[in-house]
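Before I ask anything, here is the structure I am working with.
Order of writing sets the labels: A, B, C and D. Residues in every chain begin at 1.
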Amino acid sequence: MSILVDERTRVVVQGITGREGAFHTKQMLEYGTVVAAGVTPGKGGREVEGVPVFNTIKQAVEEEGVNVSCIFVPPPFAADAIIDSASAGLEVIVCITEGIPVLDMVKVASLLKNEKSVLIGPNCPGIISPGKTKVGIMPGPIHKPGPMAVISRSGTLTYEVVYQLTGTGLGQSTCIGIGGDPLIGTTFIDHLKRFKEDPETEGVVLIGEIGGTAEEEAADYIREEFNKPVIAFIAGQTAPPGRRMGHAGAIISGGQGKAEDKINALQAAGIRVALNLGTLGETVQKVMEKS
Amino acid sequence: MKLHEYQAKDIFGKSGIPVPNGQVVTAVDQATRATQIISGPPWVVKAQVHAGGRGKGGGVKVVHYPYEVVTATESLLGKHLVTPQTGPEGVTVNQVLIEEGIEINREYYLSMIVDRSTACPTMIFSQAGGMEIEEVAARSSELILKEHIDPAVGWMMHNARNLLYSQEPPPPVGALSALMSVMANVYKIFMTLDCTLVEINPLVLTKDRKVFALDAKVDIDDNALFRQKELLLLDDPREKDPLELMAEKYHLNYIRLDGNIGAMVNGAGLAMATMDVIKMAGAEPANFLDVGGGASEDMITKGVEIILKDRRVKAILINIFGGILRCDVLARGVVAAAKKTSIRVPLIVRLEGTNVKEGREILRNSDLKFLVARDLGEAADLVSKQVS
Amino acid sequence: MSILVDERTRVVVQGITGREGAFHTKQMLEYGTVVAAGVTPGKGGREVEGVPVFNTIKQAVEEEGVNVSCIFVPPPFAADAIIDSASAGLEVIVCITEGIPVLDMVKVASLLKNEKSVLIGPNCPGIISPGKTKVGIMPGPIHKPGPMAVISRSGTLTYEVVYQLTGTGLGQSTCIGIGGDPLIGTTFIDHLKRFKEDPETEGVVLIGEIGGTAEEEAADYIREEFNKPVIAFIAGQTAPPGRRMGHAGAIISGGQGKAEDKINALQAAGIRVALNLGTLGETVQKVMEKS
Amino acid sequence: MKLHEYQAKDIFGKSGIPVPNGQVVTAVDQATRATQIISGPPWVVKAQVHAGGRGKGGGVKVVHYPYEVVTATESLLGKHLVTPQTGPEGVTVNQVLIEEGIEINREYYLSMIVDRSTACPTMIFSQAGGMEIEEVAARSSELILKEHIDPAVGWMMHNARNLLYSQEPPPPVGALSALMSVMANVYKIFMTLDCTLVEINPLVLTKDRKVFALDAKVDIDDNALFRQKELLLLDDPREKDPLELMAEKYHLNYIRLDGNIGAMVNGAGLAMATMDVIKMAGAEPANFLDVGGGASEDMITKGVEIILKDRRVKAILINIFGGILRCDVLARGVVAAAKKTSIRVPLIVRLEGTNVKEGREILRNSDLKFLVARDLGEAADLVSKQVS
């Protein structure tokens, strides 16, 4: 009833001794996540919230059998942290860090082609399988277990959507923030494929925004291969071209990445696109009731 | 971070990409001297502004007499230039580039970006140079060629050959190696300076098979400026909106727009969606403002102040989904702002999430006049009422 | 009755206008190889031995449907030529060039991880499926079609072996020179796997030499997975440590790469190792008769 | 191409890897001056030869008085140094490096190579520094740690941390960043100078947590010298065998060995196999000689001459499998050599392949005395007869 992370997940927090790392380690532990280790180079041997700190990912793997990492290290060191985790063979790498240089991500992407690790993010809220584990910074209590999957390029917008879903009684199997950067580890399609195989997921809410063509590609995939109801929302209909709207990846450039084109592509693929965020929860409820 | 044309050409010149001789002037009396140093006629006088579409806005003048260089410079310096990419108020021209005119035989388009879907640095080349590349893409996309560069191997000569020999007709033999060298240098600049864009449009061939970058656009990855410290010196804050510049100082993500409803939101996606809600309610957003997850009370105060500095704003919608940013912090920030600046317009507040009760309590107990929206739907209705 | 190259093979010769490229184009054509195109940048439009010359591999693929390349370009440009062919999607890339810088091959190897092309060489004689096609520089007439596969790190030594095989009446399915450099595109194991699946190949002659551990790894693979007779020969039993014996890859260093260790590993895996090159052909014949 | 220790340390110093102060001298009278510039006692006087195992051969002396620096220099300069890696005749010492002595607290081993099986630049690190790394590998391989570097991403800090924090105990905190910097610089040198080996053994830590490269080995990829032209200046041909040097000039692949049967073969693999045939016949190969696929008549002549210059050679085995190298070219070259130099030893010739008939004909019609072997088996028999 979830993908990628669940009760089996043993998290290592990279940058655990930093302010954000420590805060969210506490939050994750409170949610019930097994945070088995932390890593901060040079601070091995300490503890944060009762979690042992190691100098390297390698040691955290050897000593604590961690299989998922959650990265809070500052942008100049984040690519190193991702590659470190990938080289150590972690299954899932969640990178919260915002502001990683694009050319660092070019390197990361090149390396990940040859590794089995799944990278969520960077510049994302993380991933949560409600009731099981939360790897990231989303507020836990707004979630509840259930049949809806959520895939989103955004953070708080996702919380808003989840809040509405939970409000209408629709719980979630897994919610993933794939990240707001132009180069991210996974696409909508990567996760749609996983949700397709997840028997407990009954429908998907896809939250896109301006910039790039990921939503258009997802629309093609859904039309051709996806067999569960999808409800989409696209943020940025009023965003002007050429400006980065907060997210590094949210920019209309060279005539590409407009909300309008995305909405058209999704609708042409037969996907219900909610235009009004205020009533998105109700819209999802209606679609799911029909199906 | 955008560079000016003359700054980009300076980088080009140092890297071995041929550019026309030129000189940047900031005062009219420097123009005469420039004509004595730079060979001509003709000369080209170009306004140095970050906004694109300069040519259409009258920011580029080709002249044939030294006195015309002076009058052209005079007509541009200190003036407001309105281009398709500026607002109707335009941008002030603070610098002018005076260049030797180059006799053009063929015009190419050359640029480098990071392609989002392949995650590779990608060179784009077209024989349809000198036009808006978006228009070329829309009209005859077959004229636009791309080479994806694998970061493990870097730029290789076959990348250049694939682009050049696919032209019909291919560039003349005498110009091939010069073009290949320009391409290799564009890649090098892109990678070593952490660029998000290097663009030469047009890249021209003269009759005697010389190659020149007639225009130059270089954008630097803001996230990489920590390791590109010397490029920081090239930043020209005069090109930015004063309110955006102020927001930057307080680490607020603010973009000024043309509407009349101000918005303050946490999170970029939610901020965009809130702008859309405003639009659907029949109004126009006056700004994008993402205060971020870690906003402090003070940042909230500054955010309200900046929104209000835009005199067009008729109402403000605050939409906060408390996560890491707690609703009580937001409320305190808004109340503090009200104490500093009189909030002269209606305030619509929608709070949800962490510490929402405390937040609402703080607002209620303040002198502040504000309208509460229980959800986004209601917020839209309230916005709608303000503009009707 | 062959692997990788056969009647379907359409060769493009990279560096066709050079002395060696032109000479071996003629030789290949005489053998019956379909040399469909040549590439020398800047010399597109010419012909060499009746073969049309193009400026880029891309054009050769588009115009002539080539699927295998044979590279004769000088060492400083050879890595570029390999990567060009791989990016153009060629199935097999045979690189004859000797003397490519090791760090160039590091790049090539990294890129090839993500491409489907099979690289034979560099610093190799090429690949021949006798009676069908020859992509390389080996003397054609010493070969004859038959059941023996040959995989070798060497050039003339392979000719010697093939000559002896043909002399004893044993023809060959496919003979591959994998190359004498320390970094080469394919290993013994890569081809053993292919020969395992090739119904017409009845036995394999494996010709190794000092340097590296490719023979030891092949021995492990053969013991565990290979089901046809293998006869091995290892050159360099009298080679001193620390010296490169002609081939860049033929060097005993750090105590590794000795002929003795290779022979021991092969014998321990139950593989017949011929110690006397003079009678290798007879040895193969005996082993094949028994099996 | 091997560099001398002092050359390698010069590169290290310029790249930011700390090395002891030192000076290379080529004459005894420079030694006194060196002691005045270089702080001591103690001083270390080191013979500069390419051959390894110097220490065991008496090529490194630690001394405590200035006059000892002079006597140690005197005892090395111009002398033949015999080490486990030279022949019994040793190598001549032409240069001596005089260095300040460093007080050693801990010794590490650090090197970088290209790993053949992963095709990746690989750093090797061990806390068992100052010993032969092969011995450490054989005795306690768990002490040897490796980091493979993906060329797409290059050296990253976690690579260094994986090596350093795996030590038991890890290096002291004060030395960590210095060690990480050495590692990053070794990688940089390796990649930018096209090295096949960079080795520091030992890399030492002093009591006050300073880091020094006490020894330095840098080998350059011969195949990359075309783009490392400035390194060519560092080549020291005096370190090479004179016959090998001569062969190099004629593009012949010749390696001198200790035996008495010369061999001339086309192709490296066949040349090695032919040496093995000689050995199995009860003799010892005097050399490896691959004349290559494209050998000319002149190159063959030079090859024969070079083999014969080795006075230990009692017979020559020529084994040619004609492919690109035609047998007639070979034969003409051998005949020409016989005209120039008297061939004083028996010549065993085995020819096969392209133009074999013409080749045999040419030999038969010459004044040359030679023995024909129809195949390798017969060649072995003939060799056997020569030594029995």
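FYI, a residue touches a chain if its C-beta (ideal position, glycine included) is under 8 Å from a C-beta of that chain, and two chains touch if they have at least 3 such contacts.
Note that the structure is a prediction, hence the values are computed from the model and not measured.
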{"item": "Given subunit A and subunit B, the chains that contact each of them", "value": "C, D"}
{"item": "Selected pair, greater C-beta contact count between B-D and A-D", "value": "A-D"}
{"item": "Between subunit A and subunit C, centroid-to-centroid distance (C-alpha), Å", "value": "47"}
{"item": "Whole-Å gap separating subunit B and subunit C, where each centre is the average of the chain's CA atoms", "value": "54"}
{"item": "Centre-to-centre distance between subunit D and subunit B (centres being mean Cα positions), rounded to whole Å", "value": "57"}
{"item": "Numbers and ranges of subunit B residues touching at least 2 other chains", "value": "150-152"}
{"item": "Subunit C, residues touching no fewer than two other chains", "value": "107, 110, 114"}
{"item": "Arrangement of touching chains [line / ring / star / complete / other]", "value": "complete"}
{"item": "Subunit B-facing residues of subunit D, complex", "value": "150-152"}
{"item": "Residue ranges of subunit C in contact with subunit A within the complex", "value": "113-114"}
{"item": "In the complex with subunit A, residue positions of subunit D that touch it", "value": "150, 152-154, 156-158, 161-162, 165-166, 170, 173, 176"}
{"item": "Residues of subunit D defined as touching subunit C within the complex", "value": "52, 85, 114, 116-117, 119-121, 133-134, 137-138, 150-152, 191, 194, 196, 221, 223-224, 226-227, 253, 255, 257, 265-280, 284-285, 288, 290, 293-294, 321-324, 352-354, 375-380"}
{"item": "Residue ranges of subunit C touching subunit D (in the complex, touch as defined)", "value": "20, 23, 75-76, 99-107, 109-110, 137-139, 142, 152-160, 163, 180, 182-183, 207, 209-210, 212-214, 217, 233, 235-240, 242-243, 245-250, 254-255, 259, 275-279"}
